[in-house]
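Shared chain: subunit A. Partners: subunit B in the first complex, subunit C in the second.
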Partner chain A sequence: MFGGLKEKLQAARNRLGTSIQGVVAKQEPPSPETRTAEPETPLPQQKTISSTAPTFVDKVKVLIIERELIVSEKDISEALAELEMTLLESDVALPVSDAIIAHVRTNLVGKHRKIGESVDALVVGALKSALLEVLGKGFNLVEYVKTHAHPVKILFTGVNGTGKTTTVAKIGAFLKKNGYTVVIGAGDTYRAGAIEQIGVHAERIGIKIIQHQEGADPSAVIFDAVQYAVSHKIDVVLADTAGRFHTKSNLMNQLEKIRRVMKPDLIVYVDEAVAGNDAIVRAAEFDRTVGADAVVLTKADMDSRGGAAISIAHTIGKPLMFLGTGQGYDDIMPFDPAQVVEDLLGSDT
Partner chain B sequence: MQQMDQRELMTLQHYLKEYGQQAEIFVSQLEMLENGRMEAHAAIEALEGMLATEDGIVLLQIGGGASVRAKVLEPEKILLSIGAEVVVERSNKEAVEFLKERIMEMEASQKKVAETLDRLRSQMNEINKRLESGYQQSAATEQDQD
Partner chain C sequence: MLDNLSTSLKDALKKLAGKTVIDRAAVDELVKDLQRALISSDVNVKLVMDLSKAIRTRSLDEQLPKGTNVREHVLRIVYQELVRLVWASTDVKLEPQTILMAGLQGSGKTTTTAKLARYFQKKGMKVGVICADTFRPGAYDQISTLCAKINVPCYGNPQEKDAIKITREGLESQKDVELVIVDTQGRHALEADLIQEIIELNILTKATHRWLVIDAALGQQASEQARRFHEAIDIDGVIITKMDGTAKGGGALSAVAETKSGIVFIGSGETIEDLERFNPDGFISRLLGMGDLKALVERAEEAIKAEDVDVNAMMKGKFTLRDMYTQLEALNKMGPLKQIMGMLPMGNMQLPDGVYDVTSTKMVRYRIIMDSMTPGELDDPSLISSSRMQRIARGAGASPDEVRELLKYYKMMQRTLKGLRGGGGGKFNMQRLMKRFSGMQ
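Take a look at the complex of A and B:
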């Protein structure tokens, strides 16, 4: 997953490291006497981050007295420009790549680094905190279900052919595994075979499904699913809906009606990670029209760029909840930002 | 072998149909990737060809099968969409390198999609075999009853 991005980030990390390493060569004073003339000063234990650009005098003073180097903006500007290109080429949205660059810059410029201290750790630390900032906190569905009144009603929306129905089944299986009872409302009454498809999934994972005839009003199906959950004390209602493009106003109005009838606790937008920036644009549109509380990205195992996964939380301000990673019911991964950042940057640290 | 009932046969048919739908999606993804790859190859050929011409004149397709002769003013400066809806100016050589990298990425994705499709097809074959044997058993049972 996100292999291309991982490779590119690794290259960018090395490039940044080399830039900072270069600072050592430039700042090392030519005369050894200057250094030995200084009295033995105990090295300060804490590194400080200065928000203002260090002057030449500051740099020399810190180098001589504290045996530390200060990274300046000029030292890393080229490497940051390359990092920006790397992120954009990986389909990371422009505002997100700007935020990452700004964060890395703030983190590194003015940073005091002891001579001999690992440059890589400094760079990886800055990149990790920048990525964590844009990735947000993720969304813990189990915790949400645990802390909210039952039945928790979850409405799934999204465009056609992204794997929404399969995602509903996977999340159903996930919740069941975590000890919750689930009912699925087969609200995709439009696509031929969709009711059968979700029916087969529900049977396979052993979850009750509420379905009407093809062409029936999806609001009615989902209303019945909620009623069933209330009367049978079911923990979670998962409402599948037909895929639709945000540009089709009649279909978006239908979704709005479903929302009014169901009164969902969560609206989950489902799209495919491989759609890259398109997924972000569409998620923003859905959020504007019917709302979205969390996002699921499917087919993440086939996405080497990872742009959508990196950008979506920061761009639309809604957390990424799950990543779909394959065909099986277990092939769904709760999105854990720390884990993703570790996977992208952690292996060689 | 255990006798299959009608319900089990129907479930298998549903599985087969569902797998078929999934396979269709993957096939269309493969087509999209192949189109993208071919397009990138064509772009590389055009970029390299542009440098090779002395007068900088190229045939520009304007749709409907019509083309005009056009003079490329700056064949060394290429405006390239690099992703995230961002267009940057690159040199001809850099643009070719970028496109070659994209082709490699697309080929890797094609390989992954093709592997998934193969897995899906082998599962479909399995289901087909089970369905066939189920049909044969039903037919044999019906004959026995006659």
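Take a look at the complex of A and C:
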């Protein structure tokens, strides 16, 4: 994922670069500029920006060394409009793209800066911090499990059809591979077939599962799972829940009850990478009502743009923990922003 | 945030209100706001650009019809352009046919399959379902449980891994049903082998309809996915699911434009009855963040007998406990309060959260409590003193706290509605406009 976004941003950035270059005025603020253009790029996984000849960063560097520029709003407004379209086309929600564009604008317009020796460090540093700022720190689950009292209780939430159950199975397999014992609480007692679904997953990956019959109280199921973990010295409890819309206050209350009963160490909000503007609405609502400590984005293999990641990260400011990238149990990718940023900048500069 | 958007759209419209000559700047502004409204509803960006270009050109070029003002003129164009986009004939015929369901993972195909089965069953058809999802564990359990609830035969075999084989056997075993719905596994356009599978399923079933199920929250990716599905199996209808959330369903619009088909059904709830035929007026209103009284009233008519309640009672005159009683009863039949409220033209006003917090069980309690009140009390709740409250509570088997809660809720409703009424001309203009629109197409 993010590949498409990266390409588009690349084009937009070049455009922005050109437009600034055209302004033969005085000086220009390389960092802010790049920074703002970047935040979107961050997501672009591993892939390198490369390809297109002189990157924006190069241009900026040249500019900085050779002469000074003052950027006026007029000079960049067109390019910014284009950048905004790019963001929107990549599913970055409207308010979020607005915020990003505004950020770029304030940072660019009228900026004056004397630039001398370490342009490189300046640009790279600014870029890096900007990228990390949007993406947060990432979330190392293995590290978390290692450093917290067992059993570590993890609750999964999200709206219908985002892939919670599959994600629970994948994370179960992931933790098992990392040497931890896991028990799953089949807390989706509502949807027909959900208990069977998670049951089959658990059996395939060889994990104990606690389940009641359809229609049971999910809090009770999950409570039992936690009890089981305590008495059998299991390391991690993964609690699946039924998908629910943030607009249904009774279901949200139920989730609240689950949280009270389970006292989770981690609440993981699951959403899909292909979601559009609604992603921010529901992420904010879930974060407000039951809280969220980390985010998993599923179906990242469907979409090369990844705007939802930016939208959600920007809206609730919680780290992205995993990307779901396919239908197999191994199709899960820990998300490490530092690494991503490193890769991006490494190729860029 | 969407509220802000539709407000700005309304502001832009307001600016056009008094004008008799088309003002280029005002039209530009309106078009810009329109773009933002549509984009934040997840309509494909390119589509929005084309659309707004057409609207701008038409608004500026076309002769202002006699007797209309600029605002009406522009709004009419906006509406016509949008309808042109979503409006394709999607007749659902009640005759023997085979329907093949397609869509991304988690878009709601299985649930929708059951809802469709129920829909056609209610129309008097003999329906059968084939579960061709051989991948997701529990898929067969899910669909067979749902089908059992409505007494629809469901063919499937969780042990078999070959969807083609299951479907062939399923078609064989369901020869005597009139309408077969084939539920398939979720897939996306980049999974070549799965796309090949659905092509083969399409050939095998000779499906009358191939409907694409789209999650209302699907973003810009909708166009691309729909295009690929369309290339593979020639999609002839789109179903939007999960419209009971806050998503606007703009992705479905992109899908429709891409497949040159129309929106057939809308799924908006978790129960098997929550499926409606598509109604362009309501959908467009929602996209633009403007309310749609028409759909609400229609829905009300369906759910309630005429003498039961006048939905517009909410909007007019005195609001007593008695009104609330009938409304609670009526609303109960129509669906969750929030859903109803979403359809009312008041996008620019915020309702207190508490208004929505009345779940159906609570509504039942409230009605029981109100049953213990005297007619006088129902007409004038201010009569209720603490001794009366005790009496009501005893009569209803409730605690005085519950009675107090009910009165609090009543006051909140009353305040809200007062706010609605007093909320300025905006909403009513909007209401009139929407009405006018519905007369125009």
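Everything below uses one rule, namely that the second predicted complex is superposed on the first by the 230 of 349 C-alpha atoms of A that agree within 3 Å, B and C clash if a C-alpha of one lies under 4 Å from a C-alpha of the other, contacts with A are read in each partner's own complex, and residues count from 1 in each chain.
In this section, a contact is a pair of C-beta atoms (placed from the backbone, for glycine too) under 8 Å apart; a residue touches a chain by one contact, two chains touch by 3 or more.
Here the structure is a predicted model, which is why all the values come from computation and not from measurement.
With the C-alpha superposition on subunit A as described, subunit C and subunit B clash in the combined arrangement. Look at A:Asn250: by the touch rule set out above, it reaches subunit C but stays clear of subunit B.
Judged by the touch definition given at the top, the superposed model places A:Gly161 against both subunit B and subunit C. In the superposed pair of complexes, A:Leu88 makes contact with subunit B and with subunit C alike. Once the two complexes are overlaid on the shared chain, A:Gln327 sits against subunit B and subunit C alike.
When the two complexes are overlaid, the chain among subunit B and subunit C that reaches more residues of subunit A is C. When both complexes are overlaid on chain A, the residue A:Gly276 reaches subunit B and subunit C alike. When both complexes are overlaid on chain A, the residue A:Ile195 reaches subunit C alone and has no touch with subunit B.
Once the two complexes are laid over each other on the shared chain, residue contacts for A:Met302 go to subunit B and to subunit C alike. Put simply, subunit A uses residues 85, 88-91, 93-94, 161, 193, 196-197, 199-200, 274, 276-277, 301-302, 305, 307, 327 to touch subunit B in one complex and subunit C in the other. Contacts from subunit B toward subunit A in the complex involve residues 11, 14-15, 17-18, 21-22, 25, 29, 82-86, 88, 98, 105, 108-109, 112-113, 116, 119-120. If you check the complex, the residues on subunit C that touch subunit A are 1-2, 5, 36, 39-42, 45-46, 104-108, 110, 135-143, 145-146, 188-190, 215-222, 225, 241-242, 244-248, 250-251, 270, 336, 338, 356-357, 359. The touching residues of subunit A, counted against subunit B in their complex, run 3-4, 85, 87-94, 97, 161, 193, 196-197, 199-200, 203, 274, 276-277, 301-302, 304-305, 307, 311, 327. Chain contact summary for the complex, subunit A toward subunit C: residues 85, 88-91, 93-95, 159-163, 190-201, 214, 245-250, 272, 274-279, 281-282, 298-299, 301-303, 305, 307-308, 327.
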